[in-house]
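Structures for review follow.
First chain A sits with chain B, and in the next complex the same chain sits with chain C.
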Partner chain A sequence: MSDLALSSRKPAASLNGYRIVQSISVFVIALVVISPLFMLFIASLKDDRFQILADMGSFRAFWVDNPTFNNFREVGNFAGELAFGRYLGNSLFILGSTVSLGLVINSMAGFILAWGSLPGRALILSVIIALYVIPQESIIMPLLIIVSRAGLSDTFTAQILPFVASPLYTFLFYQFFAQLPKELYEAASIDGASIFRTWWSIFMPLSLPALATVSILMGIETWNQYLWPILITQTDYARPISVAIATFFGQDSIYWDRAMAASVMMMIPILVFYLAFQRWFISSFVGSAVKG
Partner chain B sequence: MSALTTVPKRRRRSIIARVGWPRFLQEIGMLAPAIVLMTVFLITPFVLSFWTAMTNQPLVPRPTPVRFIGLKNFLRILNDDLFWTSLWNVTRFTLWVLPVQCGLAFVTALILNQKIPFRNVFRGMFFLPAITSMVVVCVIWGTLFQYPTGPLNHIVVTLSGGHVEPIDWLGDPDWAMFSIVLLSAWQAYGFQMIIYLAGMQGIPDELYDAARIDGAGRWGRFWHVTMPGLRPTHVFVLVITTIQAFKLYTQVAILTQGGPRSSTETVVHYMVRAGFEEQKLGYASAVSVILFLIVLVIALIQRRLMRRFDV
Partner chain C sequence: MASVSIDNVAKFYGNHQVIHGIDIDIADGEFVTLVGPSGCGKSTLLRMIAGLEEISDGDIRIGDRLVNDVPPKERDIAMVFQNYALYPHMTVAQNMGFALKLKGESRSAIDARVREAAAILALEPYLDRLPKQLSGGQRQRVAMGRAIVRSPQVFLFDEPLSNLDAKLRVQMRAEIKDLHQRLGTTTVYVTHDQIEAMTMADRIVVMKGGVVEQVGRPLELYDRPNNLFVATFIGSPAMNLLKGKTGNGGFVTEDGALLPLPATAKAGAVTYGIRPEHLMLDETGFRAEVVVIEPTGAETQVLAKCGRQTLVAVLRERVDLKPGDRIGLKPDLAAIHLFGEDGRRL
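Now for the complex of A and B:
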């Protein structure tokens, strides 16, 4: 008995030292994670690109004397040079279209796979699960042939349509719908609701968690697309902001002030959503992982 | 089931007889968009990649017909030193990024799994880089890596008391890949962190209580409860990180273009260069087939391991 008491008091005695180490590590990690992001926002408010680099080695990187939105004014055009207003708009349009089409199409398919009566649903489901292993990178070359032969080079369609239907999201919807109670479906059938109505008016309103998860995962994925738009866009017309920011690196002397402002423009939409729905974001990413 | 057998004189009722035409057509209509899109944009290119890989298909159509050349592309790839360099580079990258990124994620998750104040705030903060676009991360780290007077060099020189010369992070072939590792781990570790955190929270408290009663200290509980409980999580995290590492592209394409002296050339970058810049789509498709096979093997290993740990 006394032995037990001793052993349980021991960690308590070392608790303070342990706590201190813990707090210091959290603080250091927070510093490493946050300071580069913070610096980005501060630097975007500095006008002089040489001053930005000069400030970087010191604490001045985290302080701005005369904040100015000049950089944003410089890059935020809607046409011509530095048309980041347009690129941001393009990205938002691609994001909105892909996610809204994706929600409808993947959830319809997931619903039929879960509650429909078509023969071969189990087979389709296992094919869809198998398709998930194919990485985008390994189909991108033939996809380039298909899309450019279809005359879709340099269009929004080419950046939206190929990514609307996805094995992962169809499967996530299937999984969510399948665990809803059978009575829900039966009640709708008895009331004479068509299968489309059952999906739209009964199941979809109950699917907020699945809709949020798919929107978030799909949104992040679409927003961060880089390889595909580089291959498929040639002009400003449909160029997303990610590709446009990368062009800063092609120059001999990089305009860091402009690059920083453009980067902040690209970060803000995601950041706003993240701050508003942080819990959803994290549980979505966890949810995408535990499908085994 | 019993309803089926009581229906007289019908061998098996077809779907249409059972649910009627309207319902049947509606179901087809709801399933078809996803199936058609996946067939056109996923299955077709996938199947096509195996065919294109065995042709001399160019990117822009030429008057001369596309010829079937068998396994020549594959032979050429396997005889290209640059391909082996790129494969070695992504392997090197993987071997670096696994301990750095997963280790950092694991330690952070362990800390956040304790009852520390503001732990949800910290979790949200640490996940922030994971939702930041890689292009933006490249802008940020592009400035951090400045040579010779960037912030990282400032830290290195100050901490070493001036004994270490400033490092040309992205320009020195010996450092370039390691710099890419640092940036990549910083960007992505939040994802592994929340996966570990979820895994840790899935371990029942009773196990810890039982271990405590058995006299296990902090270290003993970690070693005999936390670690065994996280086995499937470890497998998942290691596999997903490895697959991601083999697909390394964006940061390299933006910051180093595979250089200096091919020290950061990767398989995907090699593929894009062949297909897009040199316009040899057949050749690039052959690379993509090889990439798929690599990912497939890793995924199959994961399945094996997961099954072993779950049963």
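Now for the complex of A and C:
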């Protein structure tokens, strides 16, 4: 009996050890990920830009003696070409348009690839996967020429249109749709639904996890765009916040305090965006569609 | 309602032929079951009737209309799938009314039709629930309700009870049969379960390897199977088949046992078939050794060996036997099935 009890304790002990190692690993990874963000937030509350520089590289970077929101007020009263809020508005408009159009276009493409009777479907899928490995920077010059010749320089359209269709997101949708039961598509076609109606009324409502995933990835990618807006915008009219922040990094001096506050302000909308969609990352109620 | 006519229908996947020129005529209002082992082509044939698979050759007519190239939604059929295929984000009422909504019917008309179908299937308390809030049997009923509201010309069922437990399967079997009797809609029902086929169908189509082995009423197939495949596929426990040849005024098994034959029996048989319930305990019968006894209350199944060949007898009475006992088994001469070299009935 005691042997039995002893042998049954052994795995429990190793399980506890495993859990401790697991917890420490998670804590360390979380620390590495969160500490720069925490440092950024602390720095944005410091009034002296030279102090921010002096504190970097020590634990002082994670502490503020006299927190103040002055930097945020100064950024709010930003006296550039346009008000800071306008750049934020530009970014939100570009984000909203790119993500909503992107969800429609990429999900439609993914749906047709998964369920449509498309000739050469395997070839198209291979091309899409191949396109995904091409970095955006390598095609940025030809893209710039195309967009300029189309007369779209310095417009919102130039910052939205080229990024709406994406091989990665089309492939993500394709994979998601292909996993849904074939019978749902067949039942809809027997019920009299057109392929458009099947996509819109049956498959899209079941795709919240895929929609949330693509929204978050696409949203972050769009929000953080820097190189393309710099190249395609000549005036401040359609410039996003990421470009506006660069103004704080002047030729002669860098306004670390305001740059930090502006970065925190830039982060907030995308953080809210993420929190709004992340709960669908893991949730899915497709399981009830079919038994087994 | 309409008849369904399947005329020399074939199906190829590339060069591989899975359906070999099938002819079946299904009368208006008839309940026909397609039955056969996995891979026999029964579901493919059903999907061709539904328009979910293209027809490689031949014609399918629903009523008088050739539907070879007609899309599923225009065939005026309704299909119930094995895994229900309910739309998970829609309530029971929305699931049932979806097809009518697509047809552009008014909300009040849809509501009336859905309530009517729900009343038939006792689904009224569940109309506002999502599929995930229902049990397996209720989901299956919703799938049938979705078919009923459309008042189609033909119902197609693709192994609809396979995902249910044994008790629920028996209950749903009766419900589907009752539904057919009340609505009288032409029904094509696919199953691999011969009990389902026997209990529900007006006619059964037995398939194997993409070929129709036999078409007939359930008891016709049971009493006069055309060949060895149908003989063993229909009936549970399966028909006993003993190898041997005719001679010495009877049928001599490979082990030398002499089995009686009716006077009208044709010569040339190599397989002697007898259903388990047509064997009786009788000391004047051929000798066999009891291997296993399985009393079920209403009857007793006796697994016995006659030489090297095993056979099953289903006895209506309770018997006091044990493994190793030597018994005499006498076949009912009127119920003997003889098959020739080619496996066909003589």
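Here, the second predicted complex is superposed on the first by the 199 of 292 C-alpha atoms of A that agree within 3 Å, B and C clash if a C-alpha of one lies under 4 Å from a C-alpha of the other, contacts with A are read in each partner's own complex, and residues count from 1 in each chain.
In this text, a residue touches a chain if its C-beta (ideal position, glycine included) is under 8 Å from a C-beta of that chain, and two chains touch if they have at least 3 such contacts.
Keep in mind that what you see is a predicted model, and the values were worked out from it rather than measured.
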item	value
First, second, both or neither for A:Pro181, with chain B first and chain C second	second
Which of chain B and chain C A:Phe62 touches, first, second, both or neither	neither
Partner chain(s) touched by A:Asp191 [first = chain B, second = chain C, both, neither]	second
More chain A residues in contact - chain B or chain C	B
First, second, both or neither for A:Pro205, with chain B first and chain C second	second
Which of chain B and chain C A:Ala109 touches, first, second, both or neither	first
Touched partner set for A:Ile145, first chain B, second chain C, both or neither	first
Chain B versus chain C as contact partner of A:Ile128, first or second or both or neither	first
Residues of chain A at both interfaces, chain B in one complex, chain C in the other	285-286, 289-290, 292
Complex contacts: residues of chain B adjacent to chain A	15, 18-19, 22-24, 26-31, 33-38, 40-46, 48-49, 52, 57, 59, 61, 104, 107-108, 111-112, 114, 116, 122-136, 138-144, 146, 149-151, 153-154, 186, 190-191, 194-195, 198, 212-213, 215, 217-218, 236, 240, 243, 247, 249-250, 253-255, 268, 271-272, 275-276, 281, 284-285, 288-289, 291-292, 295-296, 299, 306
Contact footprint of chain C on chain A as seen in their complex	181, 183-184, 186-193, 197, 201-202, 205-206, 285-292
For the chain A and chain B complex, residues of the former touching the latter	3-4, 7-8, 10-11, 18, 22-23, 25-26, 29-30, 32-34, 36-37, 39-40, 43, 52-54, 56-58, 61, 105-106, 108-109, 111-113, 116-119, 124, 128, 131, 133-135, 137-146, 148-149, 161-167, 170, 194-196, 199, 220, 223-224, 226-227, 230-231, 242, 245-246, 248-249, 254, 256, 259-260, 262-263, 266-267, 270, 274, 278, 281-282, 285-286, 289-290, 292
Contacting residues of chain C [partner chain A, same complex]	50-52, 71-73, 77-79, 81-89, 98-99, 102-103, 130-132, 136, 139, 146, 150, 163
